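Here chain A shows up in two complexes: once beside chain B, once beside chain C.
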Partner chain A sequence: MHISEGVLSPGVLIAGAGLTAAGVAVGLRKLETKEIPSVGILSAAFFVASLIHVPIGPASIHLILNGMLGIILGWKAFPAVLVGLALQALLFQFGGITTLGVNTLNMAFPAVVCYYLFGWGIRIGNRRLVFILSAFAGGSCAVFLGSVMVGLSLYLSGEAFLPAAKVVVAAHLPVMVIEGGLTAVCALFLRRVKPELLEGAYVPKQSS
Partner chain B sequence: MCRNSHRSQRVVRGRHLFFCLLFTVLWLVFFNAPASAHKVTIFAWVEGDTVHTQSKIGAGKRAKGARVLVFDSKGNRLLEGKTDEKGEFSFKIPKKTDLKVVLKASMGHMAEWKIPADEIGAVGDVSGSTVPEINVKSGIEEAVRSTDVKPGLEAVSLTRQEVQDLIDKSLDRKLAPIVDMLADATDCGPKMTEVIGGIGYIFGLVGVALYFANRRKKE
Partner chain C sequence: MIVEEFADGDSLIHRLDPRVKIIVAALFSTIVAVSDRFRVLLPALIIGLILIMLSAVPVKKLFMRLVPVNGFIIFLWLFLPFTFDGEPLFAVGPLVATNEGVYHATRITLKSNAIVVVLIALVASTPVFALGHALHELRIPNKIVHLFFFTYRYIHVMHREYLRLVNAMKIRNFRPATNIHTYRTFAYLVGMLLVKSHERAKRVYNAMLCRGFRGRLYSLSRFSLKSIDVISFILMLAVILGLAVLE
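Moving on, here comes the complex of A and B:
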């Protein structure tokens, strides 16, 4: 899902960079001191996730984890994704520096959308089933929306939308399922071990 | 008592899940590491009057059916083709100029490889008038020079071309394995040092952010 340099038109690049800057600003404003380590750890997870190759399906694809970042961090997913992508571009040559803005937007915006759509299920956390389902939905929806946004950026740069988006979405179908499951498992684990990570609003640790 | 055992059971189940996940992730990382990169690469080399290209998605996986575009130095598109099953695409050199070979794979992936004009110079020279410039000081040449016979010169220049062709051919043949090795080595995916370095960067950034956040709080 990393768009390479030289594929997108300058207008798309500038718009992406501008929107990403706005998103990062919002994220940093919401960032509290005690949340900095968890943002860092999730950013590191996002950074490494791209190395986990999913050998299913027609194309070479990898985990993204933007849904997990979204439902745990909300708007703070923007700075986390930006840092992860910048390091991927510099160290692995995934994507590129000029496309950093667009790529961050494509990954972080779906994360924020999923935070608003499914975050409540994870914060309330009363019913186990609701919790699992919303974590799964958050994880897979973020990948789906990300694929659509990649298709959209290609479309805005002159490619036909439906074929471009179809290819990206089809290639990421296995990732959607895997990420949904992974997000659910991780969220369940966090709920048991470190519930304060799942947004401060989550009920404090059970009094035994 | 009953609730207690129920809870401990749930904790055990949670741990099981966690370890399953951990092992899955570790397995994925270590067993698929060589094929884990997610970028496309193209490698092009000249052999005689053709240019061969090899395209890959990630390390080792060939890019099948991807578009390959060839541009000259001014950015005019000269030709276009599709990679075959092995991710390879070959074309005759259309003209003697700097060539830019661009690979366009799906999902916004792109890579390029430049071939400078002097790398393909040999092709142009064969048909061009630059042959006499080649500095082959052979005994035959000297002999012909001394006799100063025009038809003889032509014969020698032909010989020169043939010699050059022969050298080119045998060089191509000898260098083929090295070229293949280079093609394989152009992308070997992210290395462990880069991965750990990246994680280190992120933790360092966290430290810097915490430092500034704490200083702000003190003020």
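Moving on, here comes the complex of A and C:
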């Protein structure tokens, strides 16, 4: 889902950077100083989890997990994704300085959208079916929305990118299903083992 | 697996002030990203290669890094030559490649590689902790810098936890395939990583409180601009300005 340096037009880059700056500002306002270690270690876990390759037929895909990230962190997903992508640019040279804004937006915005759309279903304590469906929807919609935004960033940079943009979205359709299923199973697991992680999504002030 | 491959060299570029390197890399990337002419992009790539030589990065490792970066570019090459309107160049079946399309794809390739090469030469050659403190000095909000430090520090810890879990799975003869069992196992793996990270976060935070943490991180090393930093900064600014004028 990373867009390389030098592909997008200046307008798209500037818009992406501006919107990401706004998102990060909101995220930082919600992020208390004492939460920084928790959010940092959690983003490290997501960073590592996104290196996991899952087989699908003869090929394999790496996990994105921005749905799960959104469900757990809400608006704090913005700073978390920003830092994660900056480290990926540093350590692996995926993406870079000028695309940091657009790439962060494409991953973190769907995370926040899914937090608002499906967070309530995770919150309802005893409705198992609603819980599973919300988690699945959160995981798959985050990936779908993300791929649409990647496609849109390409398309807005030039009409000639349209076929490539369509292929990006199409290629993410199977990923969407897998991510949704994975997110649902993972959320069920967390509900049994560590429910406070999921509650962190709607109780921003955790007492420590 | 997750290592700063280029950070532990000793060269002119490694010794430069991280603040200078960050600013130069950011300006250079921006100018190259918005420029559209070959007479800017070619010199930009050459400047990048000169910086790489100055930073004494092993060529083999450099190429290893450029391969995945160019994956996306190759993907675009499959489309761009055929989707641009313009003078036909050659045809593959019903598809007609145009001059303009090939030019555009070439431009993107040049741009992308020039920026990445400079990023490797200047920024990846700096230890992450020095970068973090430099970002702090450059007035990046404290919370982001702290988050950056914590995430970087714990990536390695979480990666070790991940390898431990994967080993446990292998010992139990887990073989990934395309089936429900595999996906469920991976979901539990992710869940377990999150649980472990959460528990560790609690312990780390308490340990920090015991040692008097009050929301500030202190750097032991002070940055000081030496004359070589100032000279190279002015030199690079001049080069970047030159590129901007060419555009």
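One rule holds in what follows: the second predicted complex is superposed on the first by the 172 of 208 C-alpha atoms of A that agree within 3 Å, B and C clash if a C-alpha of one lies under 4 Å from a C-alpha of the other, contacts with A are read in each partner's own complex, and residues count from 1 in each chain.
Note that a residue touches a chain if its C-beta (ideal position, glycine included) is under 8 Å from a C-beta of that chain, and two chains touch if they have at least 3 such contacts.
What you are looking at is a predicted structure, and each value in this text was computed from that prediction instead of being measured.
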| item | value |
| --- | --- |
| Partner contacting more residues of chain A (chain B vs chain C) | C |
| Chain B versus chain C as contact partner of A:Ser153, first or second or both or neither | first |
| Which superposed partner A:Phe161 touches (first chain B, second chain C, both, neither) | second |
| Which of chain B and chain C A:Lys194 touches, first, second, both or neither | second |
| Contacts of A:Leu87 with chain B and chain C, given as first, second, both or neither | both |
| Touching partner for A:Ile61 - first (chain B), second (chain C), both, neither | first |
| Contacts on chain A seen with chain B and repeated with chain C across the two complexes | 2-8, 33, 36-37, 39-40, 43-44, 47-48, 51-52, 55, 83-84, 87, 91-94, 164, 167, 182, 185-186, 189, 193 |
| In the complex, chain C residues that touch chain A | 1-4, 25-26, 29-30, 32-34, 65-66, 68-70, 72-73, 75-76, 78-80, 83-84, 101, 104, 108, 110-116, 119-120, 123-124, 128, 131, 141, 143-144, 146-155, 157-159, 161-162, 176-178, 182-184, 186-198, 200-202, 204-206, 208, 215 |
| Parts of chain A lying in touch with chain C, wherever the complex brings them together | 2-8, 10, 13, 24, 28, 31, 33-34, 36-45, 47-49, 51-52, 54-57, 63, 65, 68, 72, 79-80, 82-84, 86-87, 89-94, 96-98, 158, 160-164, 167, 178, 181-186, 189-190, 193-194, 196-197, 208 |
| Touching residues on chain B, where the partner in the complex is chain A | 10-11, 14, 17-18, 21, 25, 28-29, 32-33, 35-40, 57-58, 61, 104, 106-112, 189-190, 194-195, 197-199, 201-203, 205-206, 209-210, 213-214, 217 |
| Chain B partner contacts - residues on chain A that touch it in the complex | 1-8, 33, 36-37, 39-40, 43-44, 47-48, 50-53, 55, 59-62, 83-84, 87-88, 91-95, 150, 153-154, 164, 167-168, 171, 182, 185-186, 188-189, 192-193 |
